[in-house]
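One chain, chain A, appears in both complexes that follow, with chain B as partner in the first and chain C in the second.
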Partner chain A sequence: MPALALSLVILFISAPIFWLLKPHRSLWFAWLGALPPATITVWQALQLPAIAQGNFIAERYAWAPTLGLELALRLDGLALFFGLIITGVGACIAFYTAYYFEGEPRQGFFYLVLYSFMASMLGLVWADDLLTLFIFWEGTSITSYLLIAFKSDYKGATEGARRALIVTTAGGLAMLAGMVLLGLHVGSFNISEILAAPDIAAASITPVALILIFLGAFTKSAQFPFQFWLPGAMAAPTPASAYLHSATMVKAGVFLLARLHPAFSELPLWFWTLFLVGGFTMALGGVSAIRYTDMKASLAYATVAVLGTLVMLLAFREKYAYEAFVVTVLAHALYKAPLFLSAGIVDHAMGTRDLRRLANLARTMPLVAATVVLAALSMSGVLPTMGFLAKELMLEQGFQRLERGDGLVGGLMYAASVLAALFMVAAIATLAWEAFFRRQADEHPAHLHHAPSPGFVAPALLLTLLGTVGAFFAGMYENLLLAPAIAAISGEPTTLRLKVWHGLTPVFLTSLAVLAVGIGVFALRNHVRRAFAAVPEKFSSLAVYDAIIDAIYHFAYRLTTVIQGSPMAPQVSVTLLAGVAVVVYALFFSTARTGVLLDSLEIPSIAEWLIFALAILGALATVRARSRLSAIISLGVVGITVTIFFIVFGAPDLALTQLLIEVLTVILLVLVFFRVRPDPFIEDDRRRAFRLFVAIAMGFFGFTVVMVNHVTQIGESISPYFLEKSYSLGKGTNVVNVILVDFRGYDTLGEITVLGLAALGGYALLRSPQIHKLRRRIVAARSAGEDGAQPVSAVKHEATEVGHD
Partner chain B sequence: MTAFMLALLVGVLFACGAYLILQRGQIKLILGLGLFTHAVNLALFGTSALTRGAPPIVPEEMEGVPQGADVLFASYADPLPQALILTAIVISFGVTAFIVALVYRRDALTGSDLAPGELATVVNTSDPFAEFTLRMKLPDAADDYDILQYELDEVYDHPEAEREVARE
Partner chain C sequence: MIEIYLRLVDKILTPIIFLIAIFLFLRGHDMPGGGFIAGLVAASAIELTILARGTQATRDRYGPWAVPLAGTGLTIAVGAALLGMYNGGFFRSIWLEFSMAGEKLKLGTPQLFDLGVMFVVVGMAITYLLRLGEAAEVAVPEQTRLERQREDRHR
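Moving on, here comes the complex of A and B:
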């Protein structure tokens, strides 16, 4: 059974169905909303034993076989690990959404985008083909854009969404280039095959490809210097923030790195890039988190820190790093999502999530307070939680390096981890204390609108409990869930033995010290915040990004001014003379061709001479005409002579069409130009010589093209085919018609499209009453201004009168 | 010989079209494009042999159609350029109609009475088919842009009118 594809289809189909169901009508839709992701979660959980045995499920579907494109899905340990988090957290988010958007008519649209996002994300982690992965990757970019910009009337939301979209898709394009390089080198885009390719790490193309792919992963996972889009994305509705920034979107980059880890991690380039970028991002994000009083912004920077941690851990090829990686991913999803969800509940209940205005919420929302405290314990790594396990393993990795005498790497890692960890302790302690326990708010205390119902809190509480209590039962799933993921990252099978209690090791003592210092920073939080506020804005990546975008706009403006700023005549001259130059070049530097004289050298009859002469005279008259009417008539004369020409030389269809069109054109021109005021005409004698030059050059161009075409021929004509097959294949005797509607039917379709577009455009142009009205008003207002004495009411009156003509 | 005449005609059409397009004025642009269209169509027509009075209409019976390029071209005009030209004629009409709509729109938007300063005085708006070779010298101040400029900004930024629209 094609279960993988079926799961994706279920999500993609649920999306529009939910939209049509109008789920805002009842809270019962919360259960229905959680159903599709929950089902897929259960199905994935059932696959755990089989996957843990080292099996995998693979599905391949032909997509565009001629291009070598296929939709390849593969469920192995890593894909299953991430897939479970995506759908598991996704089910909770879907449930929560119904409460968050209670009674909001756009709730259905949110579900539509949420499910599409979920499906893209799931496809991304299940993909076994670089191009399949890329498609789903861009799918997450686009759907996340829609999620972030959900409050489309709020400028911060659209700006944040656009920034996220530009940064992540720019990175995505770089990544695509890297993937194509890799795929072409190996000769396959299949990820399993690329990872298994011999000596792929040593290939000359690898460093370039890797750097490009790093760009994609780092932009998506908000690594320095691209981290600025993530806090801006906090303008999203809370369910979206919780989902995007705890479990899914930002993990995509990390996932990609983990996916490529087995093949490339031995390279120094891999190690140092990931180690330095990840480590720096971790320290930067961790330290920044405490600065913000917006709960979601603070959590966003903490997320940046965790993403840095994950990237840094992927630099290593050692046991503790692997274990720390998988435990951190799991722990982060299980504490960050509830924290975000709680922030959303507070926002919903109090009308604000600004810490300065909140205090003592534990009394009114005990369940939310419990959730936040438990999640905060996990986030700060207090003893019995999964967060503790994650931090312990990471510090252990640094400590191992130190013990082996690798002071540089170990020391840096230790220092960065400790720095980030203690500030994160301080940040989350600040958040929990200020919002839920202190007695008095700083300013304008917010008041409770309505207390959250238990169903609203339930998803957050459930996730938190999994993340805290879950650590005790690590033995039950460590070899089912975590070990297969590690096996996929490291490339070799492994077994796990996680211990919550290691004894009084140096690492444990460091952990305690981190907590203690973190509480100390928490006590001094107001001084820390003031110190941060003193840092000038221009050093932030955001300022640099904005400057770059500004520079691009400015450059576009300048470029447009240079190449299109001049009047039409010079621009057209450039185009026309370029055409002439090509003909001149072809005349003198042409390659040999077969000379075929198509002309019969027969002297034309008198009547034909007359046709030519009349056409030439008509053309000259059009130029020399002294009034617009005579010019239009002269053009009509040219058209009619061309019609006669077509009759003489065996083209009745052309003659009919030309006659019809010519008459229509003349009528159209006369009708319109009767109403349009004439142009003020100024004969500029300086330009006349130049115009004549261009005109003569164009005359030479036309003459040469026809003559050359007539005496030489490249290749065989395909016309005999049409003549011979017209009746047998097209069932028509008029070959021109058969070509148009049968042999080249798509050309005619294109022609119809052009006509339709022109008609639509013309229609839109001819009727927009607003501007007509506006203009008449201005005219009226101006003439009133000139007269100087008319009151405004008179202007209005005049305007309405003019409006009736 | 016919081909030579055709080439000459195409050359003249191109030259006249270019000369018109390079002049100022909406009507001249449209007329110039019209001449260009004829020129291109005829140039296309000239890519095949010019066969007199033999339209490409084949008999219904299979046996009636001669085989072989030479025989075919002797008895029928080449259908392929004709099919291309037919498409070109129709499309060029669509484009012309669109440009005419643009011109009309431009006139409705900017109108000669909104032309900047001195220009308005040289425009004779009473006669729609007034001669367009008014030999008038512009004052030095009017540069190339002034005539072609769309005065949209002025239209939209007029505070009086904007308030009026907002009031509705």
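Moving on, here comes the complex of A and C:
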């Protein structure tokens, strides 16, 4: 049974179904919402033993076989490890969402996007083909955009969403280029084949490809200098922040690096890039977290720090780094998601998540307080939690390097880890203390709207408990879940023996010192915040990004004013002359002229001469017309004669299309010219001469192109093939239609995409504010003037219209 | 007066034109017609309504369908292409052939794709025709009419 594809299809289909179900009607939908991801979690959990023994599940589906494209899915240790986190946390989030959006009519839409994201993310980690991975990768970017912009009437949301989209898709495109380089070099896009390709690390294209792929991974996983989009993404509803922007999507970049690790990690380029970028991001994110009083912003910077940690750990090829990597991924998902969920509960209950306005919530929300405290212990790495294990293993890795005399790497790593860790301890202690335990808020204390129900808190509490006790029971799953993941990252089978208690090692003492200093920083938090607030904003990467975007807008504006700033006629001249230039180039300078000259031209019949004369008359009438309306109608005549030509030459489909287009064009032109002011009549002879020249040049070259096409033939004609195969392959006798919808379906798909975009553009452009202003003025004038007796109806009329748009 | 005749024409012709559109769409795979043409025919029916009754009435009639139609069409087209994955690749066609009342009939993903094309064409056409029609209704005749009234009053 194709279980992998089936799982993705289930999620993709659940998305619209849930939307149509209108889940905001009842809280029972929480259970239903958690069902699809929970089912897939259980299925994955059942696969654990088989995967641990190396019996991977692989599925391949042809996509465009002639191009060698396929959708390939493969469930190995790493894919299963990430897949379990995605669907497991996903089930909790889906459950929580129903409470978070209780009674909100757009809840269904949220579920739609959430499930689509879940399917994309799952496809991403299961992918065994670089292009498959890329498609799902973009899917996560787009769904992330929709979720961040969910509160679309809030400016911060749309801005943050656009920023995230631009940064991650720009990186994604760079990554695609890198993937294509790799794929072309190896001759296959299959990830397993690429990783197994001999000497791939030494290939000449590898450095370029790797740097491009790094760009994709670093933008997605918010590494310096791209980290700024992640805090901006916090405008998303909290379930999305918890799920996409801490537990799963931001780990996609890290996942990709882990995927490619076996083949490329020997390279110095790999080690130094990941080590330096990851280490710096870790220190920067960790130190920044305490600065913010918005709970979610603080958590976002802590997430940046963890992502930096993960990237840094992937630089190494050593045992402790691998162990630290998998334990950190798991621990982070289990403590950061609950922290976000708790922030959402506080926001929901109090109407704010600004620490300055919160205090003493432990009394009103004891369960939430318990969740936050447990998660905070794990995040700060206090003894029995999973976070402790993660930090211990990371420090151990640095310590090993130091012991081996690698002072540079070990020292840098140790210093960065300690710095990030102690500030994160201080940040999370600040969050927990200020929101839940201190007596008095700083300013404008918020009041409780309604206390959260147990169901609201349950998912967060469940995840936290797993993270708290998980380390004790590591023996139960370390060789089922973690070891196969490490095997996939390192490329060699391995077994694992995790210990919570290592004795009084130097690493443990460091850990204690970090906690102590972290508490010290927590005590001095107000001084620290003030010191940070003094750092000028203009050196941030956000300021650089904004400057770049501004420059692009400015350039576009300048370019548009140069090319299209003038009245219509010169603009059209530019376009037409550009067309003529291309034709001239192709005719006289292009070297690719290998066509055959066909023998002769037939002499047209009398009927054809007559139609021809009619067309010329129509054209002349258009030029000589005194008013626009007559010009448009004469132009219609020209079009109709073309239609007649199509009929005469036996192309009914073309004739029909041409006729309809002609009719609609005439109507559209009439409508458009109502809006466009007429160009003033030109007295200047030089300008008139120029326009005459443009018109004649265009006509002449149009004629030449048709003639040349008619009398020469390049290569062999494909028409007989279509005629012959139309019925046998396309099951249709209308060859034109079969070509459109079957043989050349890709072309048509491209064309209707353009049409759809044009519709969207027209919809946005034509609802310009001027029309509405004018309409309102007319309505106002009407109510004051002739319809003075019924001003109320006029106002109502206006209101419905405004409401409608 | 003209408007009354136009309304009558609209009442009689619009359903017929829509039927023609459906007819052209259905025969498209074997005889002249197809999604693109059918879409244009349907668009001209809608334009007839706009000319006869104005944009507001047209919006009341087709409004909720108009804007999402292009997107729906694109989704259907991509969906039809994706169905081909079942038969060995993106855009591979799948055909069902059966006979009903003595006639051989066939249904296939290319026709579904064609339906998507039709929706996109109609959606785009309605969007432009409604928006431009609105602008034309508001901008020119109303303005001149009001100005004329104002002049009358001054006199």
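Quick note on the criterion: the second predicted complex is superposed on the first by the 566 of 805 C-alpha atoms of A that agree within 3 Å, B and C clash if a C-alpha of one lies under 4 Å from a C-alpha of the other, contacts with A are read in each partner's own complex, and residues count from 1 in each chain.
Everything below uses one rule, namely that a contact is a pair of C-beta atoms (placed from the backbone, for glycine too) under 8 Å apart; a residue touches a chain by one contact, two chains touch by 3 or more.
Everything numeric here is computed off the predicted structure, so don't read it as measured data.
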Using the superposition on chain A described above, determine whether A:H502 touches chain B (first), chain C (second), both, or neither. neither
Identify the partner contact of A:I661: answer first if only chain B is touched, second if only chain C is, both if each is, neither if none is. both
Using the superposition described at the top, determine whether chain B or chain C touches more residues of chain A. B
After superposition on the shared chain, which partner residues are touched by A:V672: those of chain B (first), chain C (second), both, or neither? both
Does the superposition put A:A759 against chain B (first), chain C (second), both, or neither? both
Partner chain(s) touched by A:H447 [first = chain B, second = chain C, both, neither]: neither
Please indicate which partner A:V648 is in contact with in the superposed arrangement: first for chain B, second for chain C, both, or neither. first
Touching A:R363, do we find chain B (first), chain C (second), both, or neither? neither
Now for A:H527: first (chain B), second (chain C), both, or neither, which partner does it touch? neither
Which of the two partners, first being chain B and second being chain C, lies in contact with A:R404: first, second, both, or neither? neither
Which chain A residues come up in both lists, the one for chain B and the one for chain C? 652-653, 657, 661, 664, 668, 672, 674-675, 733-734, 736, 740, 748, 755, 758-759, 762, 766, 771, 774-775, 778, 781
Complex contact set, residues of chain C against chain A: 24, 28-37, 40-41, 43-44, 47, 56, 59, 63, 67, 70-71, 73-74, 77-78, 81, 85, 88-91, 93, 95, 106, 108, 110-111, 113-114, 116-117, 120-121, 123-125, 127-129, 131-136, 138-140, 142-143, 146, 149
Once bound in the complex, which stretches of chain A touch chain B? 566-569, 572-573, 576, 598-604, 608-609, 612, 615-616, 619-620, 622-623, 626-629, 631-632, 635, 638-639, 642, 645-646, 648-654, 657-658, 661, 664-665, 668-669, 672-683, 687, 690-692, 694-707, 709-710, 716-720, 722-724, 726-728, 733-736, 739-740, 744, 747-748, 751, 754-755, 758-759, 761-762, 765-766, 770-775, 777-779, 781, 796, 799
Give the list of chain B residues in touch with chain A in this complex. 1-31, 34-35, 38-39, 41-43, 45-60, 62, 65, 67-69, 72-73, 76-80, 82-83, 85-87, 89-91, 93-98, 100-105, 107-109, 111-115, 119, 122-125, 127-138, 144-145, 147-148, 154-156, 158, 160-161, 164-165
Residues of chain A touching chain C in their complex? 61-66, 69, 71, 652-653, 656-657, 660-661, 663-664, 667-668, 670-672, 674-675, 730-734, 736-738, 740-742, 745-746, 748-749, 752-753, 755-756, 758-760, 762-763, 766-767, 771, 774-775, 778, 781-782, 785-786, 801, 804
